[in-house]
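What follows are several structures.
First subunit A sits with subunit B, and in the next complex the same chain sits with subunit C.
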Partner chain A sequence: MIWLLALLACDDPDPVEITENTLVSLEAPRLARRMSLDLRGVLPSPEELAQVEADPGALDALRDEWLEDPRLEQRLVHALGERWHTRVDDFLLIYREYPALADDPTVAYAFKRAVGEEPLRLMARIAVDGRSWDEVVTADTTMAEDILLSIWPVEAIEEGAGWREARYTDGRPAAGVLATNGLWWRYESTVTNYNRARAAALVKLLVCADIASRPVSFAELPALVDEESTRRALRETPACVNCHSTVDPIASTLFGFWAANEHNSFEIDTYHREREAQGMDLMGVEAHWFGVPVRDLADLGQAITLDSRFPACAVEGFVEPLLRRPVEDEFAEIEALVEVFEANGRRVKPLLAAITDTPAYRAGGLGPDADAATAERERTRRLLTAPLLASALGEAAGLAWTAEGTELLDEDTEGFRILAGGVDGVYVTAPPPEPNTSWLLVVQRAAQLAARDAYSAARAGQAPPLLDGINFADEVEAVSAELRWRLTALHPDAETLAADRALWEQVEALAGEDEAWVALLWALLQDPEFTSY
Partner chain B sequence: MPLTRRQLLASSAGLAAGLALPGLARAVSASDRRFLFLYVRGGWDPPLVFAPGFDVEGVYTGEASTPATYGDCQLVAAPQRPAADAFFSQHIDRCCILNGLEVRSVTHATCQRISHTGSSRAQGDDWAAILGAAAPHLVLPTLVVSGVSFTDQYGGVVTRLGRRGQLLGLLDGSALEDRAQGYTPADPAVEALVNQAVRARVEAAEIEAPDAQLSFASAHAQALDRRDRLVELAADPDLQMPDDGSYQPASTRVIPALRCFELGLSRCAVVEHGGYLNHGWDTHSDIEEQTLHYEELFVDLQLIMDELDSRPGPLGGSLADETTVVVFSEMGRAPSLNSAFGKDHWTYTSVMLLGSGVRGNQVIGGFDSGWRGHRVDRFTGEADEGGVAMTAAHLGATLMALGDVDPEEHLPGIEPIEAALD
Partner chain C sequence: MVDLAPLLLSVGLLAGCGEVEDSAAPEPELEVFALEPFTPSLSLEEVDAQVEAAITAGLPEPFTPLSVYQRTFDAYAEEGCPGSNAYEVPGDYIGCTTSAGAFFWGPILYAPSTDPELTPTEFSVIGDGHIIDPEGAWLYAGGELAYQPTPGQDASDEGREWFYLLSGTWGYGPDGDWLGERWSGVIHGDGQMQAPDAWVIRVHGSFAKGGVELFFDSLLMDAAHCGVNSVGAVRLHDPEGGWYVLEPRGCDHCGAVTFEGGGEPVPMGETCLELTAPAEALAALIWERG
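Moving on, here comes the complex of A and B:
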């Protein structure tokens, strides 16, 4: 893979040759930890760590197993959420609009997550089922859980509880996420905007073309002091036509979602087939996707799949959360991954495997040949932010931190999501690359809770995975060494273990043995090697 | 052995003294100046208050609006906006209004980024982060009470308070009390030992960090230092945010920020103003809602200025002596009404600066017959066809000049609007 990338890189005018001397890979156990967190949201088990420590070559097979782990779906929901920005805390409607939900304030969090996750769940399910990514814009199904099934015109077609495959019953076309309420609740449109903002959003999300960031200057325009002159400018003035010639024909296909009143539940819950044709009439355009004529929303989805930017944008959408940085001018690297993506029928799992094979993903440090640009760009150490913090502590230590039905590490009105480095999609659109004060405070308190929860459970005979098999009658150094290994995939030195013992003894003298173990755990869960990966 | 972040901070404590010792009255230098950003979310409509458009065909200036003169400034008043009238009557000598700033987009997200950073690029630090980064020795260089925050290389200096002040609850552990799964408070002595142990590990990591990871490790150590200094102040009643879930106006939400200024903890604070009952200023329908929003804004501004005037600043005078207030919105609104009796987005907007370092009692710039911004002479503020077409970047350069930060470092080729500076 490195050879391939180096070869491709040579075609660039200013190639940055990626070799073993540019980026140094993490050691196998630490790399396994990174992969397990990224793909499953949890730490590797002691057995898995032992396996890769003994045989680094076993990591790829483990990685392939993890790609089949059911927890991958949840991880993808969060990873996609950091890009699609639909897991917001505020929508135009709240749960109280719905009689079925109105009397239960504890449903507020579940409601907004259900709405915002609908498109993400569909994309994640397409990915884990091994279906072509094209279905993101062509599928005739969606995903729903009990709340959405109770309030929207959608019925489950898959049995079971929780999120399951569903289908809308209001005659909306087969267009994947483009036909979901969740996407258009997030990307609203006022009556007079005619879905233009939505069109710009889907162009950015699906083909990575950020029309909205193009400069707009009214300085050279004729007077726009009335609606008629504005309408004329959109059709005739080059500065306006620049964007509107792209946006308006796309927006005209979205009129089934055009609400007469965006604060009315019927208006925004239901697809309005009778309004589909109004777009072209009102906007005075023929529907097309970048010059490709389309008849309707279903056609739009098909046209998107044929756009050469669609697979590249999809690839970028998975590279960024895995590398924890924006994709810059890495055309060769992205092109190589697109080749893998296309060769595998645009299925996501082979793409994820290929990304985790790249030097940039595996980097744990810079080599002697690394230039300044590489040093500035690559994130060789990544911060454990919400939601990874929540899932890692939740699984390892059994941490649950809720209040009135709200997961506090996953929400911002009452909770600590963005304080813990999470993305809310409105005020914070990317996770922080480095620790900051608020993140540190959340980690401190989450670790405090997790330490006590885990120890109490272990003492009650229900040890969470982190403490499974740990014998608290053993020497402190031995216990600490094992815990550090499980938490960080690193073997601590004698000095570190001596410090752990000193902490344990100090607390034991103050408050007893149980508190000493809790305190040690509390410190370990704040260790820089645990809180980064 | 390389110095740890903590050792570096200790050695710069003397530099911080000027920002921390009360009773030491001296003139405010640009490097000591603080900044309160009041971000008006959604797009305000300048012709209702800041920019008379009575003589421009097609401009809707609001119901019962009339030209009004405050000091040397021609603004707009209406009987329904008594708070704006009262504010300008009292404070016009402190106010510098910049009319006709261009923000080259019509979408909220892009305009927010441009108005806060000067650019639509996906990466970049906003004005509050850049100015806060010039005072890294402070405990909370930039405090975001509410609103957007764009950070790139200066993320470590920005701290969010949380919608309901959650940060404070984390400081003293009270945030854990409502946990459904129960909570056992930590023994303070045990917590101190744990903190000590964690600090030792973080400092060791900083010393051992390879160059590529030194910034990461140092940020961790610095966050620890700031946390420890903050913990001591968590009990301060003025730092507590009301958390009963009810609506709180900006003039209440800003109090923790002003307290942080007073205590010498912060250089910059960001507070969002969502308008009347936090409805947001994005009035695509019913433009008269802007009057309600403006009333709320100027009531809040009056209260904020009262607080700034009455609170002692760390440098010996009042907080008002050393604080520049920046009131801005990400966009303006179209000059004419749409079919819903509202106004759509417009790429020209207004900004109001007031307070320390600002030459008040003036309006710089204006709007032409197409409701586009005038070019201005950046030294005199007069209209000048050969002058500068003001943009959000010029706002940033002006703020940096006020804050003793070289604009050329962050906005190459963009110069401050000198006419706004005292």
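Moving on, here comes the complex of A and C:
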């Protein structure tokens, strides 16, 4: 009987309908804070908080305004990075291999970020420009900044500095991110892997199907004693065919990126059009996308846009970073969101707006009908992890935590990205759902630096936004109440304010007034109401 | 004793839920879209001229890049730069500059025969580096060179067999032969050789040079019957997509030219390739190498 129960437990989870009795929405100011952080990476201004507090209905208009904020592009780069995993610290090449960069060690961080962000920047730009998400796999442009423009066969087609629209000059097909070096530097292939790992990665990233999770029965495998027996097994043995019949025809389309030496810059900087025919030649399979014939990378992109899993996977890819949790079959709103996405020409901004309207996004607590599964699943309080810590503290308090050109909250070789809840894309592939010790230690240190820098700047007459208009001659309670409102979008109660005064007085007695204000700021910047959202 | 079998079975089934679900999940029926066939953008004369120019410059082989590398190394290497081993550039992520101003960046690993008695002429080079000479010209070494004669044979053997590979990106600005400034591709060859004028060589693979992309589809050249007899195909990539397929036959290397662009093959006429001289030059190199 137990086995029968076990089998019954294998049924798909039913989509869960979220009602107002399941999840309780955040109050408008706190919800505004969440939206501002998600869409702009910064805290709402005191004016914005006041506006929403006075009229909660104003939030929709503010949200729409924030969707047009230039900072959305950067936020999308981070959100997409958590899924595409291209912002890694180590590629097979380093900056020193390029004579134009070799003599400047401070370029190391910028180099690896430039490479890893190329596909993310293209996707983010497509999203903020209001272009169809299909262009992610069909665009004939990419994005580049000065480093990439100096080392790769790519030229800018947009005026200006920083990241700008660009186009490869080596004859590669128009296939959006599929034709970016950044993607294939991250998902490299050995000579004998023939792009198979790359194909599996594409399937997972673009249609959310995990080929690597398909079961393999090793008992069924024949002895793979030589090349021919391996080839035969890939074509005939069910345990092999299960995956290879899908992967190999896709891998066959990627041979323009197939390098004879994956460590060599000449090999991996340039698209090798002449090698396109090697796929069929070496793997013995025609190019296909799940049975749909394609001839090259451009066809592959088109085939992907016609796959119904592509828009659904794109929606999932934007829902997850906003809910800060995996989206499984239980998420009832997903179909409605896909409809919104399709109805709006697969444009991202209307989708983001729709996601922020869902009860799951707005949840700030559990309602009386919430069951244990809901409590386990939903993130009613989300953690301020590395990218948001950096942007929120940078904007509000002026924190610039760098060393020799490296952003310490955005890097792991010298810095603390993973420790602070970030994703490096190799060792850590998802942000932590809850606080942990290393996150806490980094938060404490970042808060300390931010508090000291912000207070010093304010005393020097250059107050960062957090301290703008703050009068340190006022009562501690008044200052604290205002700072807490700006930082957390919550009005503190009397007990909290009394505790703040007690802290201030203790430090003041030991080290003086300036240190007391720094200590209070430090405390506020590591308060759980600030470090969550 | 408690019988744990049902419990263990249920645990196993539960643990396998995801897999069962995944393997059973049908892949969706996808829309098959119409592929607009590519059309030829080159005339027969242009196809002929491009292929001819690429082939008469020389058939790609690993001996020329090895020779260029060794010559450049000999010209500029000095004690301590790039290292102490002959024809080896260490991969130290630093590189070195000689007193004459040549820059070596590695690794470039040259491996002569591991058993000189059995395969005295065998070699391989794994390249992930470059040399910049004092005039600023680059020697590209990104990929692999290999030559492997059948063990136990040497240059005096009749009927000796061999295999070679040239893959990746190679080149050196000052040289004007087929290797030229920058060559990219993956080519392997094999064959038999009884005498300088009696041999069979097959080359297979693709390469790009000077904007022209060629694919040798098991191009077999045989000097045993009449001059040089050929069979196989030479494919030229159209700039817009699709391939021109040239099928040289016999000793005049003449054959049909068709365009394959995803639809029905388009006949374009006939052409004759000048394969004899490059094939004989390649045979001479292999014979000389032994």
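Things to note:
One rule holds for everything that comes next: the second predicted complex is superposed on the first by the 516 of 533 C-alpha atoms of A that agree within 3 Å, B and C clash if a C-alpha of one lies under 4 Å from a C-alpha of the other, contacts with A are read in each partner's own complex, and residues count from 1 in each chain.
Following the convention adopted for this analysis, contacts are C-beta pairs under 8 Å (C-beta built on N, C-alpha and C of every residue); 3 or more make two chains touch, one makes a residue touch a chain.
All figures in this text were calculated on a predicted structure; none of them were measured in a lab.
When both complexes are overlaid on chain A, the residue A:L366 reaches subunit B alone and has no touch with subunit C. Contact with subunit B, but none with subunit C, is seen for A:P528 once the two complexes are overlaid on the shared chain.
In the superposition on chain A, contact of A:D38 is made with neither subunit B nor subunit C.
In the overlay built on the shared chain, the residue A:T437 is in contact with subunit B alone; subunit C does not reach it.
Contacts of A:P215 after superposition on the shared chain: both subunit B and subunit C are touched.
Of the two partner chains placed by the overlay, only subunit B lies in contact with A:E404; subunit C stays clear of it. Once the two complexes are overlaid on the shared chain, A:E135 sits clear of subunit B and of subunit C alike. Residue by residue along subunit A, subunit B and subunit C are tallied for touches, and B comes out ahead.
Shared contact residues of subunit A with subunit B and subunit C: 213-215. Across the interface of their complex, subunit A is touched by residues 6-7, 9-11, 13-14, 16-23, 27-28, 30-33, 35, 38, 93-95, 103, 105, 126-130, 132, 140, 142-144, 167-169, 182, 184-186, 205-208, 213-215, 235, 237, 239, 241, 243, 262 of subunit C. Considering their complex, residues 1-3, 5-7, 9-10, 12, 94, 96-97, 99, 102, 171, 209-210, 213-215, 242, 246, 259-261, 263-267, 270, 272-278, 281, 289-296, 299, 302-303, 306-309 of subunit A touch subunit C.
Here subunit B touches subunit A in the complex through residues 56-59, 102, 104-107, 109-110, 113, 120-123, 140, 147-149, 151, 155-156, 158-160, 162-164, 166-167, 170-171, 173, 175-176, 178-181, 183-184, 186-187, 189-190, 193-194, 197-198, 200-202, 205, 210-213, 215-217, 219-220, 223-224, 226-227, 230, 284-285, 334-336, 338-340, 342, 344, 346-348, 369-373, 389, going by the rule given at the top. Those residues of subunit A that touch subunit B in the shared complex are 190-193, 197, 200, 212-219, 221-227, 230, 326, 365-366, 370, 375, 378, 380-381, 383, 400-404, 408, 412-416, 418-419, 426-428, 432-442, 444-445, 448-449, 452-453, 496, 499-500, 503, 506-507, 510-511, 515, 519, 522-523, 526-529, 532.
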